[in-house]
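Structures follow.
Next come two complexes, and both contain chain A; in the first it sits with chain B, in the second with chain C.
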Partner chain A sequence: MKLISMIPVAAVGGLLLFAAKDFPEWGAVDSPASQSPVSSHFISHTGVDTEVPNMVTAVLADYRGFDTMFETVVVFIAGVAVLAILRGSGRRGSQKREFEVDAEPDLIVTNTVRLIVPVIQIFAFYVLAHGHVSPGGGFQGGVAMGASFILVALAWDLEVALERFSISRCMVVASLGIVIYGGIGFLSMILGGEFLDYAELEKVLPVSREMARYHAMLGVEIGVGFTVSAIMFALYANLSSEGRLKGGL
Partner chain B sequence: MIEDGSILNELLIKRLNYLIYVVLLLIGLHAMIAKRNLIKKLIGMAIFQTAIILFYVSIAVKEEATVPIYKAEHDPHGEHAKTKETAADYGDKYQPVALSDEEVRGYANPLPHVLMLTAIVVGVATLGLALALCQRIFQGYGTIEEDELLTKLERADARASLSPVRKTSPEKSSPEEKKRVRKLSKSKELAKEAPRTRSQSVKRKTSRQSGNRKNESKEIGNSPASKPDKTRKKIVSKSTQTGKKDRGGERKET
Partner chain C sequence: MENAIAWIFIFPLFGAVACTLVGMYNRKWCHPISVLSMIGATWAGVETLIKVMNSKSHELSYLLGGWTLDQYPRGVGIEFRADLLGALITLVVLGVGLIVSLYSKIPVEEETPGKESLFFTLFLLQITGLAGITLTGDAFNLYVLIEVAALTGYGLIAIGSNRAAAATFNYVILGTIGASLYLLGVGYLYIKTGTLNMVGIREVIEANALADSPSMQVAFILVGLGILIKMAFFPFHAWLPNAYCNAPTTTSCLLAPLVTKVMIYVMIRMVLTVFGVDFSFESTLWTKFLPWLVVLAIVCAAVMALAQREIKKMLSYLIVAEVGYMIGGLWIYNYYGLIGSIFHIISDACMTLCLFLGAGLILRKARTTHFDGLRGLFAKMPLTTSGFFIGGFSIIGLPPTCGFFSKWYLITGGMVSGRWEYLIVLLFSTMVMVVLFFRLIERMHLAVSENGENLGHGHGDLGLTEEQTKFEEGPLSMLIPLLLAAAVVLVIGVYNQDISTQIEHFLADYDLPRGIEP
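Presenting the complex of A and B:
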């Protein structure tokens, strides 16, 4: 089996390495990807169009906003699917599995987590809100936010974390994120533009067209952050407990 | 040996990123093909994904370029932005200007970064989905080894063909019998759903219902008809032996 599998692996590897010699060299300035007018336009015009210093955020939330919206929906659907698969699965109930032990949460661990979780959450907000200027954005901030709840679940147990962020609340927050994203898109449509054409929001915001895009991007990133943080925690809660939603790891 | 123009020079110095990405990709591919454990297959898939991400990000690199965030002199809100002090210099006409080609060369390509940024998060979400499927398979069959799964499936199929529900051969199964099987599975679904909705509204009662549910789960675990059809099909289609494939086809019919 292993030897047979080496044949397709070697074939694929040979083909890829054979093709690699036609690829641009490492760091080539004139590589096709970097020379393409799309990339050049993103670099040269992001400042003019949106006044956002971080091009990655501008491309993510504005130029490719439609793509990002449905990426968020994919994350949401994956979370819902995990819930649907593990809900009502065989092992739910109060009976313990053989590897579970009754242990008090460790004093040092819980106190450290108590100190560190607020810092993580503030950092998550910073990453989310500062994504226009520095590396960051909704996805990264959302993951950091979800991680803080996962840390609580690790230090105590899942019930303690679920008291603070229950699965039903997770789902509400996750769908709220998509509603925020889609709502900003529809709002710009109602105001006379196209779907996700944030510049039209200047009619309701007291700023220029460019700054309207800037601020709408922040709104969109907040929506992404909501969805991602809620789904990350819902994924952890379901996977770590086989859908029973109780007990520590 | 690694002078200009030789293959080693091309692979190890000028195009090292492609070599690394190919190696990572092959590790992932090999794990996905050769490993029998489903979790190991998933790890292979994650490594494969990492290889693709590395490929994209390494394409975005430009020599002498910085990260795709405007430097202070190009930043629309940077040091040349209009403030009270500098307003006189720029006048009212100040606007951010588009960068020249020379300046564009100083920034790494942002597009691959954007694509990979979303791909990473979506990858995590889909990996979670795959892990959930693995857990469900483990709950149903008690194993996530592919060969053990296949033998268990075969045994379950043999049991099903001996069961009183299907006395006749599967090819000749009458429409009434098909109906009966469908009814059975439907009633099972209903029975499964009823306590679930209750448990959502009353969380604390789960311990009381647990015994009840345990019995149910046993029933589900033993009866092959109530297994999720998709996982079954997937596993069966992976088997190379035609006999198993035929049996999978039968199952779909019933």
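Presenting the complex of A and C:
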């Protein structure tokens, strides 16, 4: 069986290698991707169009912001789907699993976590808010934020973390993230542009069209951060405890 | 309405979020929210189709983010392009979604109690994904939306029972492989063309004469293979029957008519808009060998359908056979075949919807999925079984149902292009479907068991007792959508000329051989 499954793998791998001989040189100036008007527009006009120094963020959150909105929706769906599958499936509610041990939270671990969780969270905010200028943005910041809650759950146990960030609160925050992202897009449509045409927000913000795009990008990154951080933690809480939301790893 | 296209996804997207938020306080609100957002989205879909039909070029371009074509190069932003094909299929997706959302109230409450808000959230996001797929004009955005539709699909199937969760696992693995192959193909396309916009890609292919480039050939194979896996084309169909059988009723009613059909739409879109007719049909070998695979697919699926003893399993194999029809219609490379293929997407969505809605009602009453539990059902539920069989007649291809007209075009295409093997399997599988449905009709009308023993006690002509003839239709909220779907099957059949005219308008832009004029 293993051998049979190797055949399609080898076939696809061979195809990919076969195609690679036809590729443009690595980093060649005359490759279609560098020659196309699209990438040269990104390189020469990002600053003019959006005032954002970080080109990647501008492509991600503005030029192709619609993709990013649905990537956020995908993260949201992952959380909803896991919740939908696992809720109520934990019939062995009180029964302990073999990997669960009754141990007091370790003194050294809990005190270290006490110290570093605030630092992680502030760093998460920094990564989120600084996405325009340096690498970072909503996804990365959101993951760091979610990780801080997972750390609490690991150092004490799941209940302690859930007291601070319950699953229903997770879902509210995650939905709010989508509402923020979609809402900014919707608002720009109501103000007379296309969906997600941030420039139209100049009518409600006291800034130029370009700066409106700049600020709206921060707004949508915050929306992404909301969804990602809440779903990260909700996924961990559900998966580690098989939907029972107690004990866990 | 200036932004009709945008409203198509705004309604279900915000409706889904509202379901999550409102559902925490009161689960009863989720169903009305989903029905309202589907009504809104369908209205926007109708509006879009009317606008497309009235516009001179028969297409509508909507640049998300305001990166308009007159100020910025094509491909800088993401484009939604509704042409006649896209707008028609979008309307099919939204219409099916609306009917299923009306139907869903009782089955969702019964089968997944306590999870209504999660269910309707996933339901609406599924529609968002599918409607987006049919409208987008960007190859990467298409991938993102396929992901949205696939993930919600996994959730909607696995929400039911533990068996459904096991079936979903197969679906997750195969679906992921399909999506990854598609994504790899899009990556190759980008390397060779430098753009992700569908029309932009075709312009570069034609301008740079990329038809003979090996990496473009590989990109075509990867994209095509990925889509074939996603649409459950015969050798890759293994995930479909189990997933659809074990899924909750509402899920199978939504996914069965739409998912495979939307993926066939994607393949037609890839062939016509992204790679172009010349590249797809002339420079690749697909026209040579794919029709033969189709022959194999239809025969095998039809035979497997014949072997099933459960309604939903049988219907699932019928879907696999129907996928073969449409892929065949596309790859015999003929004008009439392609009309048939597109028309069949529309009519197959309607008739599969009709069958699954009917099967849901029948199974709810009979409490068994096995054929033997269905004896004498016609006397108890005349309306339900009639609705179910209108769908069945359409699958067989009896006039005046829509299935007749789309199959007519497929057969014409097979004939004028000289693809006799395709023609023969079409007729063969039609025979199989006649056997399948008339076997069911016989069982539902009679109460006599197989060895001739009368199960009733001699009352009436058909051997039905009074108790067996008691009128026991399902609840109205489920029955009316079924009758609506059956009416749609008949209405599309009656107005088939109008739909095929629109498809002909759409295909006028493409240079396809017409074979010997019929």
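The rule we apply is simple: the second predicted complex is superposed on the first by the 245 of 249 C-alpha atoms of A that agree within 3 Å, B and C clash if a C-alpha of one lies under 4 Å from a C-alpha of the other, contacts with A are read in each partner's own complex, and residues count from 1 in each chain.
Going forward, contacts are C-beta pairs under 8 Å (C-beta built on N, C-alpha and C of every residue); 3 or more make two chains touch, one makes a residue touch a chain.
Computed from a predicted model, the values in this text were never measured in an experiment.
Comparing chain B against chain C, which has contacts with more of the residues in chain A?
B
In the overlay, answer first, second, both or neither for which of chain B and chain C A:Ala28 touches.
first
If you stack the two complexes on chain A, which partner ends up touching A:Val207: first (chain B), second (chain C), both, or neither?
In the superposition, A:Val207 contacts neither chain B nor chain C.
Can A:Gly65 be said to touch chain B (first), chain C (second), both, or neither?
Only chain C is touched by A:Gly65; chain B is not.
Which partner does A:Gly182 contact after superposing on A: first (chain B), second (chain C), both, neither?
In the superposition, A:Gly182 contacts chain C only.
Looking at A:Tyr198, would you say it contacts chain B, chain C, both, or neither? Reply first, second, both or neither.
A:Tyr198 contacts chain C only, not chain B.
Look at A:Pro37 in the shared chain and tell me whether it touches chain B only, chain C only, both, or neither; answer first, second, both or neither.
second
Quick one: is A:Val160 in contact with chain B, with chain C, with both, or with neither? Answer first, second, both or neither.
neither
Looking at A:Ala129, would you say it contacts chain B, chain C, both, or neither? Reply first, second, both or neither.
In the superposed model, A:Ala129 contacts neither chain B nor chain C.
Which holds for A:Met171: it touches chain B only (first), chain C only (second), both, or neither?
So A:Met171 only meets chain C here.
Does any part of chain A touch chain B in one structure and chain C in the other, and if so which residues?
Chain A residues touching both partners: 12, 16, 20-21, 23-24, 31, 33-34, 36, 38-39, 42, 64, 67, 71, 74, 78, 81, 85, 87-89.
What part of chain A is in contact with chain B in the complex they form?
Chain A reaches chain B through residues 1-2, 5-6, 8-9, 12-13, 16-17, 20-21, 23-29, 31, 33-34, 36, 38-40, 42-48, 51-56, 59-60, 64, 67-68, 71, 74-75, 78-79, 81-82, 85-95, 133-135, 137, 139, 143, 210, 228, 231-232, 235, 238-239, 242-243.
Within the complex, which stretch of chain A touches chain C?
Within the complex, chain A contacts chain C at residues 12, 15-16, 18-24, 31-39, 41-42, 62-67, 70-71, 73-74, 77-78, 80-81, 83-85, 87-89, 168, 171-172, 174-175, 178-179, 182, 186, 188-189, 193-200.
Any idea which chain C residues touch chain A in the complex?
So the residues of chain C in touch with chain A come to 3, 6, 10, 13-14, 17, 20-21, 24, 62-67, 72-78, 114-115, 118-119, 121-122, 125, 128, 132, 140-141, 144-145, 147-148, 151-152, 154-155, 158-159, 162, 165, 181, 184, 188, 190-195, 200, 204, 208, 213-215, 217-219, 221-222.
Spell out the part of chain B that touches chain A in their complex, as residue ranges.
10-11, 14-19, 22, 25-26, 29-30, 33-34, 36, 58-65, 67-70, 74-78, 95-101, 103-105, 107, 109-114, 117-118, 120-122, 124-126, 128-129, 131-133, 135-136, 139-140, 192-193, 196, 206-207, 209-211, 213-214, 217, 220-221
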